[in-house]
Amino acid sequence: MSAVQETVAQVRAIDVDQYKYGFVTDIESEKAPKGLSEDTVRYISAQKNEPEWMLEWRLDAYRRWLTMPEPTWARVSYPKIDFQDYYYFARPKAAPKSIDEIDPEILKTYEKLGIPLRERDALLGIESADKPRVAVDAVFDSVSVATTFKAELAKAGVIFCSISEAIREHPELVRKYLGSVVPVSDNFYATLNTAVFSDGSFVYVPPGVRCPMELSTYFRINEKNTGQFERTLIIADEGSYVSYLEGCTAPQRDENQLHAAVVELVALKDAEIKYSTVQNWYPGDKDGKGGIYNFVTKRGDCRGDNSKISWTQVETGSAITWKYPSCILRGDNSRGEFYSIAISNGHQQVDSGTKMIHLGKNTSSRIISKGISAGRSNNTYRGLVSAHKKAAGARNFTNCDSLLIGDTCGAHTVPYMEAKNASAVFEHEATTSKISEDQLFYCLQRGLSQEEAVALIVNGFVRDVLQQLPMEFAVEAQKLIAVSLEGSVG
Amino acid sequence: MNAEPKMTSRPTRTPAEQALADMLSAAPVSEAGRLGELRRAAAAAFVENGLPHRRVEEWHYTDLRALLRTVPARRAATSTPGEAVSFPNAIRVTLANGEVGPLPAELPQGVSLLTLADAIASDHPLLQRLGAAAPALYDAPLALNTALLGAGLVLHVAAGVKVARPIQVAQLFGGEAASVFTRLLVVVEEGASLSLIESFEGDGAAYLDDTVSELFIGDGAALDHVRLQAEGAAAIHLGTLVADLGRDARYDAFVLTLGAALSRLTVHGRFGGTGGHLGVRGASLLSDKRHADVTLFVDHAVAGCESRELFKTVLADSARGVFQGKIIVRPDAQKTDGRMMSQALLLSDDAEMDNKPELEIFADDVQCGHGATAGALDGKMLFYLMSRGLPREEAEMLLIQAFAGEAVEFVADLAVREVLTAHMTRWLEERHR
Amino acid sequence: MLDIRNLHARIGDNEIIKGLDLTVPAGEVHAIMGPNGSGKSTLSYVLSGKEDYEVTEGSVTFNGQDLLALSASQRAAAGVFLAFQYPVEVPGVANMTFLRAALNAQRRTRGEEEISTPDFLRLVKQKAPALGISQDMLRRGVNVGFSGGEKKRNEILQMALLEPKLCILDEADSGLDIDALKVVAEGVNALRSPERSMLVITHYQRLLDHIVPDVIHVMHKGRIVRTGGKELALELEETGYAAYGADAA
């Protein structure tokens, strides 16, 4: 059997049940009644002591959502979702007031995930490993349970808190920016999110401030049959900079869990936002049973001149991924970037990509997408690059490469390029190939094991994107890639 | 990637859809048998689905429902159009407004040519091929063409026959605007080879030309195909090319698009046996408000085939170019080698280019790639040429010619290539006048 | 021949040439040396008429003509030739086709008759071998797939065919090994004549061992800061440009 065939056989035999984050935390939780109605929306809003304007905004979204059909254009297939069969709000029963009141079970969960919530733990971590400090906002099911390093961030003027808190404490900022990038009726899942979002993170970086540490949110779905609908809003005011990391896991369940997040980024004049994601939701078992349905709307608005938004994602989890982190390049000379590694295995279905909408003059964008398909999965890159009439001097470079491991998976590329300006320059290239027999043999001949060889080659294939991740994330991502292709790269 | 719903109920008919539906009811299908069934099914499909719009993915950038406002009636030719473009050494058959002119008195050994009407009347066995390789997916121009079948030609090359002279099917349109539906069925049998030229030219009338060419290239056979679309400025050109390749067959096509107010060419290439080679190249030179769409589907259904696509689009004034290309590699099509490239040159800020090159791949041992670029003339090249003494216009022309020339180069027959180059040069000169 | 007075030029908001004066009489070879970023290449582009550069002040007279009033192609026809530091690749335009188009365009602009095909072929055949330009290079797209040395030789071939009055050589030695440099220098030296002036722009002294100039100018921050004989090159080789406030070469 040739080396490649052997690899393929191993990948085929892979047991996706080995998902290492698939434990359940045993804590009591409070849930909204199952199903979705105006009452659910009111219940969520009331639970969070929201002001009237917020409730009205949610109800408006809910009513619009009722009239919207589910999108069907993506290359993903799944049984019809019964939106009445989910819980739209769940939170640990004892609502924490401070970090010391957090249920020790939750703390243990995050420790298992490697997320030190207690600042002193985090601080210990720094001293021993000389790692940069990371402020973490942890979201457990629907509720933000703890945010670290708040005091220190406040000194720099950076606001980093849960979105619920922001709605109460910083209503002027929230009202000004929430929904300004992803409008209420943007799409089916974003509108659903607007109606029922439970929590998420809020970041505001004041003018001229370089956020002193990486900010991070860790999402965890724990409850059964629970939808998680988080909402994140990040505003980088003029001349500021922030780097934000997002990680996600969920326990193993037979049923599909629903996740529909909305992330809005606003970069004002000369500001820069770097947003990195490592998505590792439960992908379902080897027969395609269970797993997270991940329908995410992420969009950044380069609202000011010379602003920059950069998305980096490592997508290895979820049964279904439907996600297109995008940039609206409104300000002159603004820049958008999208770096993506999407790995699919087992029965996973990925339809992901980006949109780069060039509106301002001399705007530029760069897209590097690496898709790896194995098992019986399907992996689609879908992207739009458009330059509008007034976007003189717009520039885009796109490179999307796909790697296939085995002959039972699919890799697809669907780019849309719309140039409405003569001075716009678009360049797009895409390739699809398999791991080369020659490369593999070369590695084996030099003494590497089969699995090491594949890991090496895959890591080489995604290197351009890994380089974009913050250091400590890159290491984690590299391990995750290996785990995702377990069986071939163990 | 618009989050818009699929239409669950059919919208009301546009005037154009109504006119086409009326056309179908005015020409009820009487014949029995396979052909009759094919036609009835096509008519029913149109009545059911109507014209495609932007939410139909394959027509996203050419919303036929919105763009096709009126449809002229089908009528007999009112005047004889002028002379068709001549290709050196070619044997020519002319269709004037769809009406087949005199067939050549002498044809090379092994070549037979008959009108579609005669073929239908005599229930010719070759008609078994008609529609046989057509895509399953509903496509309005193809369905209409099938439903209104009648005008056209059937060309057959016997096994092993290498036809030395090119055969040109020249279509001319003129006089009172009409809707014309023509079909060309070409069968190149095992081991045979043919060079086929199709040309489409017309006057200023707002006629509609819905034309389908079905090409069957047998095992080890070869077909070189040149298609010159130089329709009148107000015309609607809806073209469909279906190429079905046998084992070790070769198909090389070059399509030059210059004319029509609205033009759409859909190409379906399908490999039926291993070792096939398909090359589809083209250049579109568009000025004024022309809208020209080239959409390709290359279906690697079997292993070990090779496909090459190269398209060059030059856009002046408010012209709009569309290129969509989809390479499909099915699960068993290992060792597929597919390359697709679309490049556009925008000469005006009012021009628009929409590119959508797609890969859909289900086999792992493949080498597939696509690329797309859009942009203005390269300033560095322009300066280089000017610094050597070429005036701006001349330098621009040279660069545009070189840009489009990279595709024309693939036309193997030098005499044919020269005629095409002359058409391109004329377009460039007219632009500067 | 060439007379530059108080020239100021900029690209965008960035002024690069800041009051430059330079006179090159007929038949002389002048070298312009200077550190990176001194504006040497900009000067070559401004003289040859690249549109990105804006002349804000000053004058350039070429054989009594206002050079700045002419387009790039008119300047070429008037006899200004720029040998590029990095000659651009022009795919699809055969080298031969291009050479002939350029020669004829210049002749037309000057009101001369176009060269006939046989005469042109004869001319190329006569000039190409000395520069090591093969038939294959003449058939290929302009500079497409040429090595660094081949590109430079192709520039000199064009110079030989077009017979300009003023040759501007922008870093003619960059990317060349010593053998390739000799071929290029011999090609250039063969074109030296009492009617032809040359402006040799270079960072290093090395090139000037092979193309020996009559006068050397040192350019810094957009101006000529020193002028001397060929011995100036050796001095600069010793001391570098540090004396002019730049990092050592």
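Chains here go by letter, A, B and C, matching the order in which they are written, and residues are numbered from 1 within each.
Here is the rule we use: contacts are C-beta pairs under 8 Å (C-beta built on N, C-alpha and C of every residue); 3 or more make two chains touch, one makes a residue touch a chain.
Quantities reported herein were computed from a predicted structural model and do not represent experimental measurements.
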Distance-maximising chain from chain C - centres being C-alpha averages: A
Interface ranked first by C-beta contact pairs: A-B
Rounded Å distance between chain B and chain C, as computed from the means of their C-alpha atoms: 49
Intercentroid distance (Cα basis), chain C paired with chain A, Å: 54
Inter-centroid spacing, chain B versus chain A (mean Cα positions, whole Å): 43
Residues of chain A defined as touching chain B within the complex: 8, 68-69, 71-73, 186-188, 324, 353, 355, 382, 384, 389, 392, 402, 404-434
Residue numbers on chain B that touch chain C, as the complex places them: 378-381, 383-392, 394-395, 398-399, 401-403, 405-406
For the chain B and chain A complex, residues of the former touching the latter: 1-6, 8, 57, 331, 334, 344, 346-349, 351-376
Residues on chain C engaged by chain B in the complex (per definition of touch): 48-52, 71-73, 75-77, 81-82, 84, 87-88, 90-93, 98, 101-103, 105-106, 109, 141-142, 158, 162
